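Look at the two complexes coming up: chain A is in both, with chain B in one and chain C in the other.
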Partner chain A sequence: MSSTGATIDFRNVRKSYGNFVALENFSMHVGRGEFMTLLGASGSGKTTALNALAGFTDIDSGEIMIDGVSITSLPTEKRGIGMVFQSYSLFPHRNVIRNVSFPLEMRGVPRAEARRRSEKALAMVRMDALADRMPHELSGGQRQRVAFARAVVFEPRVLLMDEPLGALDLKLRETLQLEIKEYQRQIGCTVIYVTHDQGEALTLSDRLAVMDKGRVLQVGPPEELYDRPRSRFVAQFVGANNLLMVQRAHDGAMALEGLGRIQGDVAHLAEAEFVSIRPELIRVSHSGGGTHPARLKETVFFGNSVRYVLLTDADKEISAIEPRRPGQEVRPAGARVGFDLDTTDLVALTA
Partner chain B sequence: MTRIVLAIYFAIVTGFLLLPLIFLVPISLTDSQFLEFPPKSLSLRWYREFFTDQSWLDATLVSLKIGIGATILSLLLGTLASIALVRADFRAKGVLTALFIAPLIIPSVVLALALYIIFLRWRLVSNIYALTLAHALIAMPYVVMIVSGSLRRFDMTIERAARILGASPVRAFVHTALPFLTPAMFASSILAFFASFDELIITLFISGGLQTLPVRIWNDLSLKLDPTVPAVAVMLTLVSIVGMSIGEVIRRRNELRYQTHSVPEA
Partner chain C sequence: MRIRWTKTLLLLAPATALAAILFVYPVFGVLTLTVHDGTSFTAEPVRQIYASQLAIIVLQRTFVTAATVTLICLVMGYPMAYFMAGLTPRRRVMATYLILLPFWISILIRTYTWIILLGREGILNKTLSSLGLTGEPIQLLYTPVAVHVGMVQILLPIVVLTCLTSILDVERDLVKAARSLGATPRQAFWKVVFPLSVSGAATGGIICFILCLGFYVTPTLLGGRTSILIANLIDLQVHKTLKWDLAAVMASALLLATFACLLIYWGLTRKRSEFATGGLAR
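And then the complex of A and B:
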């Protein structure tokens, strides 16, 4: 089972429901075989974008293209897209193999060949032993594997996944994430994956697009979005982060909310209104010292790391994460500590 | 205390529902010429009478033909109407829904008179096809109510899945929504069938020379009353119990398939 992925282009797509604008001036290019994730909260427009591509919703204006050909006026079934849903959406009255062979049946593939290809798809997701089961006899994880096999059995060039792991528990979610990534590499199709789980987005994607209020705020590879968020929203949505308002002293020196004046290289922050810094880049000094004095407000023990919530003297909460070696002491809440940060680690954000 | 009151209440209500049947069965099994309770001696004489009297069999056959025709027609039209009433978005939806339910609410005599006037004008009185059409009209509200209720509960993403995987709108509906609707369609077709099968008032107005089973019973009542009528009634009851049971089996099987909770992870 393999296919060459298609390119996908959204051009100035707009969709509104009454007064609610679900997608506004939405443009995006997805390359061949790319794994693109749309990340956002509910109501951000990510599902609307997916439904528009699938043909479940009409768009008000703009254009959607697969391999450079407009599909805007093409009915859903002619778009040649595979799709996996959060609710699995297996056909309850068909057994596993007949669920998987459904797309082939619809395409008039001869019965024997359809059976052979379906078995192959089931073998890929290691569900071949349960081919004769009915969907209600399967667990959630098994159902989603079958749904995946059904979505790729006809070798679509585009695969859409709408929060496919949303209904599963954490442990299974992590296993299936790795499986999905592996299958996609084998098949080679272009994937658009929708989720509100930023961890999932970072793990799976070649690139991800953070969406809010029907717009794309930032698109890029996971490392880029993690390391260099451009806006407050992205900085806070992708991974844990500390957000600080920039204040400028009257002599032109730079100060940060709750931290006061900062020394060091701040040239890259010249235009910033806000800056962010990741908790793992904050260095807590337990033995006194540290440029910024603080009090430990809260300590959360994770086993391999410890998260400290620090309260500066100006009452600003700063979150810090420290790796931990076995036997290393965990400071209790209330202790006086200090912390340091490198100004080069501060990321400039727009409002 | 409350339990005792509820138990008594329960006994009264179910007794009220079952009492006619409790009387009917022994009466139908009498050996006498007349309706008597309790019967002095038992026999299947009146059941034999039913199966040997050609006029009873003819009436049953007419009722069956009309009943099956009306069921098929009302099931087809009622299901299509349900799809429109549930899924389409148009201005007159509320009015149209009321219109489809109306034959159930409008007094039968009014409907009978209206149909009689039209059928007279169009020379359709004592036409079996016209009578079937009239019965379909009476049966359709049951189909529309039950099928549209079921369709509202259908998870559209299953149908969407079929669409994106290559099915045209009609094929997607046939492969997803239709199996889901099967129990509702079966249940409503049983109701529709009996709505037609035991319809009397409208049939009396427009049947002309056609004699359906209820009309035959009615004519019998006004001439002579022998225990064939209770025997027919008991057989009708048995047939409907069988029909309802099959409906229940189908419903349970479907319910199992569409349950949302899944088997625990291995």
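And then the complex of A and C:
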């Protein structure tokens, strides 16, 4: 089972429901075989984008293209897109194998061949032993594997996944994330994956698009979005972050909210109104010292790491994460500490 | 646990007592009448009914009428329910109100209106003759046709609403899934929506059938001598001929048929609840 992924293009797509604008000037290009994730809170427009691509929602204006051909006026069944839903959506009156063979049946594939291809798809997701079970006899993870097999058995060039792991528990979610990634690599189809879970987005995607209020705020590979967020929203939505307002003194020197004047290279922050810095880039010095004095407000023990919530003398909360060696002492809340940061680690943000 | 039980018993007691006195006891009395003449057990009433052509014909007619009315209700009601399921929730509530409107009007009045519509001098006959389509007025009233029309009108809302519930029970994502997998809207309906809602529609049909079996007012007012149903015959035996034992045998036959239908109904609902767990746990 393999297919050459198709390219997908959204061009200035707009969709509104009454006064609510679900998508505004939405443009995006997804390359062949790329794993693209739409990341956003509910109501951000990510599901609307997916429904528009699948043909479940009509768009007000703009164009959607697969491999350069406009599909805007094609009905869903002619678009040849595989889709996996959060609710699994297995047909409850059909057993596993007849669920998987459904798309082949719709395409008039002869019975014997449909059976053979369905068995192959089930073997890929390791569900071939349960081919005769009914959906209600399967666990959530098993159901989603069957739904995945059903969505790819007809070798679609585009696969859409709408929060497919949202109904599963954490442990299973992590296992299935790796499986999905592996299957996609085997098949080679282009995937658009919708989720509100930033961890999932970072793990799975080749590129991800952070969405808010019907717009794309930033698109890029996971490392780029993590290392160089451009806006406050992205900085806070992708991973944990410290956000600091920039204040400028009359003499042109730069100060940060709660931290005061900062020394070092600040050329890249010239235009910034806000800066962010990741908790793991904050160096806590437990033995006194450190440029910025602070008090330990809270200590959270994670096993392999410790998270400190520091309160600067100007009452600004700074969060820091430190790897921890076995036996290393964890400082209690209330202790006086200091911390340092490299100004080159500060990321300039617009509004 | 013990307190829970006492509480449950106390809460159920009034209704149970009422049902026992007003329902179980009389029904038991009727059942006794069929095989016991007051002094000793006898098979005479059963034998008489079995030998009576009238009783057999009317019993048969009752079942055939019930089946026909149910079929008409399903054929008319399911598409109507499917249409309603596709409406926005707001409009669906409105449509439901319209469907339920006749329920607030007495069954007697609803039946009498058919006399105005179907009579020799009724609206239908007048329209037909004024259009020159018929010379003589057509005999509609006091025929089996009138009985069927009247019964369908009264029972249709029940069938529409049960069909609607079963269609709405089919997860919308299933239709979306079918479409994304290559099914046309027609295929999605026949392969997914229909098989998943048909057992629900069937339960509606069974409710309709059971209600048909006991219909009394409509055949009395709209049916002629040749279209009386079992309930009319029972009434005749009770009030006119005073043959209570024969009435009891026919009533018991009706009861038996109803129980048989209920068994099928339970079977169907069991199957449905199994399906319901097919999607997300709700």
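Basically, the second predicted complex is superposed on the first by the 351 of 351 C-alpha atoms of A that agree within 3 Å, B and C clash if a C-alpha of one lies under 4 Å from a C-alpha of the other, contacts with A are read in each partner's own complex, and residues count from 1 in each chain.
By our rule, a residue touches a chain if its C-beta (ideal position, glycine included) is under 8 Å from a C-beta of that chain, and two chains touch if they have at least 3 such contacts.
Just so you know, these numbers come straight off a predicted model, no measurement behind them.
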Clash or fit (per the criteria above) of chain B with chain C on chain A: clash
Contacts of A:L172 with chain B and chain C, given as first, second, both or neither: first
Contacts of A:S61 with chain B and chain C, given as first, second, both or neither: neither
Contacts of A:G141 with chain B and chain C, given as first, second, both or neither: first
First (chain B), second (chain C), both or neither touched by A:T4: neither
Which superposed partner A:S70 touches (first chain B, second chain C, both, neither): neither
Doubly contacted chain A residues - partners chain C and chain B: 54-56, 75-77, 79, 81-83, 85, 87, 89-93, 102-103, 106-107, 134-136, 150-151, 154, 160
Residues of chain A touching chain B in the complex: 54-56, 75-77, 79, 81-83, 85, 87, 89-93, 102-103, 106-107, 134-143, 150-151, 154, 160, 169, 172
Residue ranges of chain C touching chain A (in the complex, touch as defined): 171, 173-174, 176-184, 187, 191-192, 195-196, 274-280
Residues on chain B engaged by chain A in the complex (per definition of touch): 155, 157-158, 160-169, 171-172, 175-176, 179-180, 254, 256-259, 262-266
Residues of chain A touching chain C in the complex: 54-56, 75-77, 79-83, 85, 87-93, 102-103, 106-107, 134-136, 150-151, 154, 160, 167
